[in-house]
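A short write-up of the structure that comes next.
We call the chains A, B, C, D and E, going by the order they appear; numbering starts again at 1 in every chain.
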Amino acid sequence: SILLVAACGGNDAGDGGSGSGSKLVYFMAPNTTPTRYIQQDGPAFEKAIKALDPTVEVKFVNAGGDSNQQLAQANAAIAAGAKALVVVAADPNTSAGLLQAAEQAKVPVIGYENPPVKGTLYSQVIFDPEKVGAQQATYFADQVTSGKLGAKPVKVARQYGNKGDVYTTQMLAGQNKVIDPLIASGDIQVVCEDYIKDWAPDNATKATEQCLTKTQNGVGAFFGFYDGITAGIIAALKAKNVKIPVYGGQNPELTGLQYMLTGDQQDNVLKAFKVEAEAAAKIAIAAIGGQQPPADLVKDKIDNGAMQVPTAKLDATLIHLQDGKDPGDAVQQAVDLGMFTWAQICTGPAADTETCKTRNK
Amino acid sequence: MTTPLLQLTKVSKHFGGVRALHEVDMAVHAGEVVALVGDNGAGKSTLVKIVSGVESPDGGEIRVRGEARRLESPRAAAEAGIRTVFQDLSLCDNLDAVQNLFLGQERYGPVWSGRRVRRHVMEEQAQRVLESLSVKLRALNTPVVALSGGQRQGIAIGRALISDPAVVILDEPTAALGVSQRGEVLDLIDRLREQGRAVVVISHDMKDVRRVADRIVVLRLGTKVAEFERGGYTPADLVGAMTGAHETNDEGGEQ
Amino acid sequence: MTTPLLQLTKVSKHFGGVRALHEVDMAVHAGEVVALVGDNGAGKSTLVKIVSGVESPDGGEIRVRGEARRLESPRAAAEAGIRTVFQDLSLCDNLDAVQNLFLGQERYGPVWSGRRVRRHVMEEQAQRVLESLSVKLRALNTPVVALSGGQRQGIAIGRALISDPAVVILDEPTAALGVSQRGEVLDLIDRLREQGRAVVVISHDMKDVRRVADRIVVLRLGTKVAEFERGGYTPADLVGAMTGAHETNDEGGEQ
Amino acid sequence: MTTTKAATNATAPETGPTGPRGIGRAIETAARGHRSIPVLVVLAIIWAVFYSQSSAYLSFQNITNLTLQIVTTAILALGVVFVLIVGEIDLSSAVLSGVCAAVAAGLTVNHGLPLVVGIAAGVATGMVVTFVEAQIIMFGVPSLIVTLGGMVILQGLILVVLPPEFTISVAGTPFAKIASTAIPAGASYGLAAAGTLAYAGYRFFQHRERASTGSLTSLATVLVPAVVVAVVLFGGVFTLTQQRGLPMPLLILAVMLLIAWYATTQTRYGIHLYAVGGDREAAQRAGIPVRRMVLYSFLILGACAAIAGMVDSSRQLGVSVTSGAGPLMLNAIAAAVVGGTSLFGGRGSIWSALLGALVIGSISNGVQLLGLSTEVQYFATGSVLIIAVAVDVVLTRGSLLPGRRA
Amino acid sequence: MTTTKAATNATAPETGPTGPRGIGRAIETAARGHRSIPVLVVLAIIWAVFYSQSSAYLSFQNITNLTLQIVTTAILALGVVFVLIVGEIDLSSAVLSGVCAAVAAGLTVNHGLPLVVGIAAGVATGMVVTFVEAQIIMFGVPSLIVTLGGMVILQGLILVVLPPEFTISVAGTPFAKIASTAIPAGASYGLAAAGTLAYAGYRFFQHRERASTGSLTSLATVLVPAVVVAVVLFGGVFTLTQQRGLPMPLLILAVMLLIAWYATTQTRYGIHLYAVGGDREAAQRAGIPVRRMVLYSFLILGACAAIAGMVDSSRQLGVSVTSGAGPLMLNAIAAAVVGGTSLFGGRGSIWSALLGALVIGSISNGVQLLGLSTEVQYFATGSVLIIAVAVDVVLTRGSLLPGRRA
């Protein structure tokens, strides 16, 4: 990094942009999948910004899953005079070029969720994926040890995210911290293990079908990685008319909450985007104003390979079904966090559930 | 004089800087065979392509049965009753002999059957047409890529005849043909005349031309340089007009 | 008798069920012009393709200057000194006239220049070759798609001659040619003979065949049915052998 | 590349001048009609190999899995085959399938319209989109560009068509029935019987037709194919009804293949389709409405895309922005090519959609069943695909069948 | 589709029999050599439209951004052009670029080998992979299948080549210098001057060569192009050195284009390349080593993919499993086609890689700059791409240039 600073020392790229006085912030989504960034985080961020400072203008871009594109977008944003970039890295592992470009232009970057690595960040907001994985696993482990999933060893089919993704690697580390001892002790026997290409539901469906064939339906529980994957698992189970409990929701996606109401999915980890967006907004305002990140929020540090990034670590909430209780109680928390309305949730499979008849008014 | 079946007036065509045809006039009557001759590159095929709707002229007029027509596609030309054997044959290599012979003129069943092709009818008719041309194929379902040069040319000629066209245009139809096939095609041209069709034939073989043509139109460098009636010329006149050695015009005009 | 430049012994070729050639023998000596004649589909082009390395024979032997050769590709045939004008011309439509004329035989600079093509040398030579064939092009850099049928044939013939081959094979070289171009090609064949080359020419024009051929090989349905020496046959013999009307063989053999 | 020699040699056979006309001709006709046979052999090899590794591979359950897994690809590939035959290419139909599914599911699930209305709207959407694409292609813009641009536009369109939460769940709704309906064994056997009878009847009709013009065909040309069809149909129904009855998606695919087979091989339309793909200039000169044929192919593709999308989302129990994304597009094109359809137009049969999808699906199904590590799965999938087609190349070369050049 | 008429009419011009040979010929030569001109017009229109929406679009800064953004696509597209010209297709080179980058960065950064060794190993990897692919293609397996299978295998390979954490960070290492090196303004102007001189010199040499055989060419055929080149080079250097000097990736691209231009237009190799793509059978019959030409094209593609991958990861300061994934592959193919290269072989120039990448890059850059909503970005990107090529079609039709049929 010293090299790079030396290389650009004394150049005048810092005042890049049109020089207009407008306060422009870019919210840079990684992709349209998961949809939360274009559907929820982005709009919530804009709302939070406007509440804090109506003169700040927010623009959105979406990298279509391509780091290269995201680098181009960052350059375009800098050229357009952005005062701060809020970046959900399309691929954290190849985002250092973006950070370098921003650093050279002296535009602060706030990492959002998927943390850009190996470069200079103003700060980061995150639901720590390792922690999310651990939360999923802890609940799952409880079900195993409590005997709810039947005699041990419980035969478990695991489905992870895309192999090589940072998110997969970190969530898996979190899950494994909890699950590995149970495997070692023989409480859990992993009968199928699949990385799901692109986290795509149809790939999860196929992996589920093949796992059921291989084990002749000898699976005690499916343990997934996020709501898209659990949805794929559930589609396969429904088509085959087999009833096997599915764990490991996260995010959530609308379907994940719906399947909780229908009893098809056991749990979910809520990453309250509104909380995250508001935190990012506060930090962004500080960044534009040339101040330090707000100390009440940014209390931690994480090592991104280049520096200790001042970080706001946010707490995710695990919700789960409980025997004899209305699944609506669990899902209510997602509604309370403003993630989806009952009207949205009570469509499709959930429309006819008891919960919806009572809560969707 | 009767209205010609096909009449071209001052037809011109340029390709970029190349003047392929310059104000060419030509008329073909029913029951008449007109030969179009000229050196390589004289513009004969270009004229054929214009009359067949493959190329559009830059200028001039085309009348079919006295009616001005824009032959903007081969389909339009076919609808006007004009069928052509192209110099490059224009066969579809991936189709078989019968399919090529009937291409665009298939015999088919009612609409409710999805215009089901009546293959057996086509095969039967194909057999007859090819026999009449002395073309011998070992199987009617051979893809035309697998045919010899002469067999291909036979198919191309057969195609032009299969639907009773009023005007038949043959661009070097005998170039690849064997001795007997060539004889059949020349006889065929005579029969077409007898049937009252208008025939335009291009050939470099002056013997053939003299045998079949009622009238000969000579092109040179895109211009019509002479027109001879049957019996109204010597072989030397013909070659002279083509090569420009000496220029004659039986209408008395001069170039 | 001298060793023939090109000698075929019992060459056979089947396409699936089609017997295109059956145990055909043929020899061509230096300074000799052999005509290969036969009805459409007789197997002439198939024989040419075998000798040019385009098709591989099912059986038989090919000797060049007495040496048995497997002509497994056109490249191998060219290296053996055999150059061919194919019936379908085999030009690259996307290349221009000069590029086609020299295709595979470009004039180029040293290796350090990356075999830089010496376009000016090629153009100059092209000009001469085309003139000698009476082929008139309006520009040497015209892509060959834009040429007339005869102009294309001229290019194809020119290509076969450009690198002094020992054996020249011409599959219906005059089919698309005009009167004067045809004359030039026939003269050219005479010159090739004088230069001591071996020439195989296929033609359906018996007049041309009689004029140029020292020997005539007749194929019918894939089999050699007759062989005539210059002066040793009447036109009727020739046509008879081709069509099978009556069968002769000047070697005294019988079919 | 196919070397020149192979390309030239590998043209279809003719009977010898001396060969026994009847038999030679029959073999020849069989061979010409059955470019599919080498692909079937390849498929058999793939199945044997995977079966030797895991006996579960050929269990009833897995065969049912496999057939359901390939339906979407096969339906889309069917549309792609039409477009490839006329010498065009398409990159947008996979995303289009997602858009159509979103329209159909949106109307059915979120707006409560009857299922048929939803389906009709979905198909209409597909055909309108490909209609527009075809117009631009006929204007002269290469289809690669039009459909690449179309793909990008459709990626935007699906965001607009989907409700604000960008997903429609269809579990438990009538829409889910498209994929989950199963025809009971009894009815399925009835269908198989009807199919066999209809086929034999058509064959017999053709036989009579030929006889009327004095052509010699033996009754064997009716019986042998009819028996083959009967075995395939009844065998298929037996296998696939072991689980829960004949799945509706398979029936949809079968009907589509049947119609496509008739249209491409028995009608004037079929001849024109191949003519346009084989040599567009020659087709035009023969008076064939070239542009209209291209348009038809794209309209068929639009309908296929819509049906593929609806079947798929019904199976996945939902539509989202990822519907139609992923490897579906490349798989559909690859299926067509694996099955023997040429990228250069004029060559290929509609069976290539089914067979190619089966080859690709069998590989991915098997690789996943073996539970190999991710890397090894990638290696196996890629290499088996290449090897499968290489085996086909070898088989085709050794035979008299037309070779491949795609 | 291109209608038959257009295709037939749109062949290159000849001078009239009566036309003034000199001028006619010059115009004709210019037109033939400059199929690129309509694409340049299209580019100008795109720039004007975006500039009218945002003045930042044509700022020095954004032009520098744009040129850097397109480098990877352009380098890969250059390789793709070679493969398309010989009538093949490739789907694997984008992923291959990631694999090569992983190899090169791994050796340089993780194993501490010198940069040149890493780069050499990267290029070697690319060429070995495409060598193997070419062998299978020459065996007869369609290139679509070989490179699709290859792509899948390479997706597995990158997991193996990358270290266990699936990423290599190159920030601050010598590897980062590939992209970050900038040639100071002075030296850059020197390069521009050298380039102009070399070009003028070559032109003059050709002029003398022609004169020696008595052909008439005026000195204007030396001067006019030399001036054009000078303006382009000096203008480019002026613009691009406004920020931090001439970026190394651009220099790499420029050198590659230069070599490719010479090879394809001035050498025997170039003629054979087009012959093989134009009519493989005819090329074979003319004695051209068709298989070897196909192999060469794939080797060139392998080298281009490696260079593209290394430049790209040096720019992004890291390699990961997503390197070479995403839209890079389709963009590279689309760039070639937008620039005028045919998917059917035999047509296209190496400039199409640069111009096509510029068109695609300019659209995506502009759309991003405007900060439109996601849907609208998709709509704009897709439609502008189609419209751009449609405009090119109109311009080409109106002129005497060879039409497009891709």
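Here, a residue touches a chain if its C-beta (ideal position, glycine included) is under 8 Å from a C-beta of that chain, and two chains touch if they have at least 3 such contacts.
Given the structure is predicted, the values throughout are model-derived calculations rather than measurements.
Annotation of chain C and chain D: jointly contacted by B, E, touch as defined at the top.
Distance from chain C peaks, on a Cα-centroid basis, for A. Spacing of chain A relative to chain E, judged by their CA centroids, is 38 angstrom. The mean-CA centres of chain B and chain E are about 46 angstrom from one another, to the nearest whole unit. Separation between the centroids of chain B and chain D, computed from CA atoms only, is 42 Å.
Chain A and chain C have Cα centroids separated by 73 Å.
Residue positions 4, 8, 11-12, 14-17, 28, 159, 281, 284-285, 374, 377 of chain E each touch two or more of the other chains. Under the contact definition stated at the top, the residues of chain A that touch 2 or more other chains are 32, 38, 163.
For chain B, residues touching at least two other chains, in rising order: 15, 17-18, 54, 73, 138, 146.
Note for the complex: chain E touches chain C at residues 11-12, 14-17, 25, 28-29, 32, 209-210, 212-215, 262-263, 266-272, 274-275, 277-279, 281-289, 346-347, 402.
The touching residues of chain A, counted against chain D in their complex, run 32-33, 35, 38-39, 163, 192-195, 197-198, 200-203, 205-207, 209-210, 212-214, 216, 228, 231-232, 234-235, 238-241, 253-255, 258-259, 262, 264, 340, 344, 347-352. Partner chain A is touched in their complex by these residues of chain D: 54, 56, 59, 61-62, 65, 68-69, 109-110, 155, 159, 163-173, 179-180, 243-244, 312, 315-318, 320-322, 325-326, 364-365, 368-369, 371, 374. Of all residues in chain D, only 1-4, 6-8, 86-89, 91, 136-146, 148-157, 159-160, 280-281, 284-285, 290-291, 294, 330, 333-334, 337-338, 343-344, 374-379, 381-383, 385-386, 389-390, 393, 397, 403-406 touch chain E in the complex they form. Chain contact summary for the complex, chain C toward chain B: residues 15, 17-18, 38-42, 44-45, 87-88, 135-138, 146-151, 153-154, 172, 175-182, 204-206, 239, 242-243.
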